[in-house]
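What follows is a short report on a single structure.
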């Protein structure tokens, strides 16, 4: 009966709410500190610049949210960014028309994503292992393609798209992000596919026993993840105007941190894009603030690593503290009658 | 069937396959690369295997408990770099002091990982992905020159990498390699004969049962991470001794080689199975390929990483295929056994009262 | 009589809203098999956990060998000579049989002496009169063999009190007999055994004393010689069993599904039956008879390897649940928590899950008004007690959750409905509602396959009854000719008045 609603679940719901509340609070604190240090910090121009610095990772984080809610993980995205950039740059270098080179790069992302998906969905290997192997393999392929050179001869139109504003102050990547964010939000919260993503993440068996094609959903997710990673890789190369074999190395750390800090459970089944967007804003502004405080980019990465751990550790500690408190309260309550006896 | 099940284990089958693959590769590269069967090649390959193997043994302990340690590459780098920096300043530090510094520092970083995984209940993939970045950034921020130079190191360390233990003709067994072999043997024995070793298997094999049986699972997992860190520290010392010249990217990617070695060597990603010896075999395959591809003129040396990734996938997928095949075999033989049993007349009444 | 080895005195334990144990006192004597029975949720599991130190009682005392003790964890329980064996054996699949027996020992030296361990393990198994290779990994063993390993482990620890939590629920009849022989051996060696069981015939066959728990209270505790099944059932349910609601004999419609020689290697073989519209086909058999596997094969979750299925006159192959759903087959699982419901999602999302494609607009978005309207209809029709269809199913009681699962499958408008233990673990009133529902559905022309361990239920609700044992079909009985004894005999595999086999 609904009246007997389990309080633990109620608490969990409240907790989820308060996690996003916590993020909001954190964001406000970061913003206040930063804007007190720098005038016009909150101006559109400044925030756009912030976004642009991490826009490729942010776009991938949108997709990664789906993957993690589904109960999987994709560690290979940063390598795929590199592979797409390398494919595009190398093909253009040897004289393939620029449009075709870009298409081939995106195609490579699709194929590699589908390759990951095949092993996870159809063979049933853990995605952690498959995409770890993917991380190594795809990065290895970039080395094969580009070796230890740097390619800066990219199509001119691509450089323009990557570096110049397209509409108002917004370059293509940012506009793409806005569009993808809206699409992702609608798909995850309101579409049948989004429902399947959650259901599989909550309980794969229930999904299978209800006639949901679990393998198809996972296959689509990994393929899409590969495609989005490739797209971001091309955008990244376009923005930088060059690429090397180590392009985008280690970006998976930023991306996964954005998703997990946003309150998405690493075990799947819960979380929302709202939280992820909040955590993206926090990470961007935090990084910027650290930059303002003259912390090196390297140290910033260390802090992101710490943030990743804390985003899982803090809820864990809070939960166990809550449980301990509840136990103590119960013990107190039950002690009294025992004394009466 | 029963005797087959009893005498041959899947682990032994795959270790045998690995040995055969390694032999085949040695033969193959012998036809491809000039002067392949030389003392120099042996030294190069064996020292390269040595470092991977030591890290891989530590990684095996973590794998047994159903966890991952992605931070070992950064631990190797940070210990090698920081101890190297100290040694370049203070030449009076004795060798044993340097080794202890490396091991202690590695164990400390491993303890941080273990604390978060075992007691903070944060999934190991998250913890070590984070600490991989944290330890690496500590390395970059390490005070002093951003580089360790071979010439600045004390003399004994400069000679360390060329110390021989045994020499047979052109083939020299370097001290580094001997240390690695000792580590493998010690941990093979630990895993096989110490109650702690057996409990590592138990905890990964069935965490729930380990909890019910009242094992100190948290302490067991914690210690696995500490040991993994300490061994990464040992590898850091070997790394420093072997290369001498270090930059801030020292040992980057070693974690991937170690994980590849462990997985190829037969450890399950679901915990509970794997041996130090298997990981040595895995490390041998990877070290051999790594060094041989550099000298194989047919394809670019840059194929090394791609091959590594594909090896991991093949090993995991192959395992899945083998294990499933063996399980059906087992189930069949079990069924036959049972039907034989049911012919036997039932014993006395089961109704005791 | 010896002195008691384990005594629980006035033990109470409360979780949030439920009083799991309420002033329970229980005494175990050496050399006695003490059976504990009760419906699901009666508090049996909590009692075990209190006795093994997993839970701490809120009130009451535990006495072991005449001393008052506190058991803080399973290690302390082990030190006091108390061990428990659960439904799912707690073995380590990667370790050998011998290691599984000795892994909890702390007094076997600093090094593992493998040869001695193998010898000791063999000695213990010999003492139990069990023939098992102690060197093979436990992974390959059958469930029964794994349980034997657990018993051997308990003996090696010199256990004085052995608690067995429904150890027979996944065993075949033959394995149960072996297990009982083992238990008797232990009893004769002076071990006190607390045996939790759900099959009364079985329990009464082995117990020296029977205690009944209901709603966390100890209702009765009597020597075996003084109890009858009827009495125990009365104690369990709290009143005389009423006559079951019986299915009205509906008009048998046309042939809906015809199955011939359905086989899945190592699971079941040569299953043949027909289902007609408007008919309930009961699938009876003890747990371990593989009834559920037949259901799963018909629904395509675990497809069969061989055999012919004709559905509505066409020969079909069912390889996935999607195919089964499309054809009009629905399968209600026996374990709604693991396979039936998405606990954190609202009722509406659960009800529409298999049919979600019917609720999508052109863009693939969910038409939530239509979704809620349909869910609301079921909420009223099945009187699901919840304020709205937006309530998460985790907040519902077991009976209401079962109604949600039922709604989910009725919403697929099935032609053939497979119900696997539809009334397990739900309250009596909901149970009656479900029975009425089955009757109505059959009357509307659905074909129904009812899988149930509850013999009276099967007898009352089915038109025909197929009995299985260890993956084989033992016979098909019509309702008129079937008696409880016939079915039980067939299910136990006894060559007793075997009914003619119907195609």
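By written order: A, B and C. Residues from 1 in each chain.
The rule we apply is simple: a contact is a pair of C-beta atoms (placed from the backbone, for glycine too) under 8 Å apart; a residue touches a chain by one contact, two chains touch by 3 or more.
What you are looking at is a predicted structure, and each value in this text was computed from that prediction instead of being measured.
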| item | value |
| --- | --- |
| Touch-based graph of the chains, sorted into line, ring, star, complete or other | complete |
| Pair joined by more contacting C-beta pairs (A-B or B-C) | A-B |
| Computed distance of Cα centres, chain C from chain A, in Å | 42 |
| Chain centre separation in whole Å, for chain B relative to chain A (CA means) | 30 |
| Centre distance in Å when chain B and chain C are each reduced to the mean of their C-alpha atoms | 43 |
| Chain C-touching residues of chain B, taken from the complex the two chains share | 2, 5-6, 9, 192-195, 197-199, 201-202, 204-206, 208-210, 212-214, 268, 272-273, 327, 330-332, 334-335, 338, 341-342, 346-348, 350-353 |
| Chain B - residues contacting chain A, complex | 68, 116, 120-123, 125-127, 129-134, 136-138, 140-141, 256, 259-260, 263, 269-270, 300, 302-310, 312-313, 316-317, 320 |
| Contact footprint of chain A on chain C as seen in their complex | 14, 16-17, 58-59, 299, 301, 320-322, 324-325, 331, 333, 338-345, 349, 353-354, 356-357, 359-360, 363-366, 368, 385-387, 391-392, 394-397, 400, 408 |
| Chain A to chain B touching residues, read off their complex | 73, 119, 123-126, 128-130, 132-141, 143-144, 147-148, 245, 250, 252-253, 256, 260, 266, 296, 298-299, 301-302, 304-309, 312-313, 316-317, 320 |
| List of chain A residues in touch with chain C within their complex | 1-2, 4-9, 186-187, 190-193, 195-196, 198-199, 202-203, 205-213, 269-270, 330, 334, 337-338 |
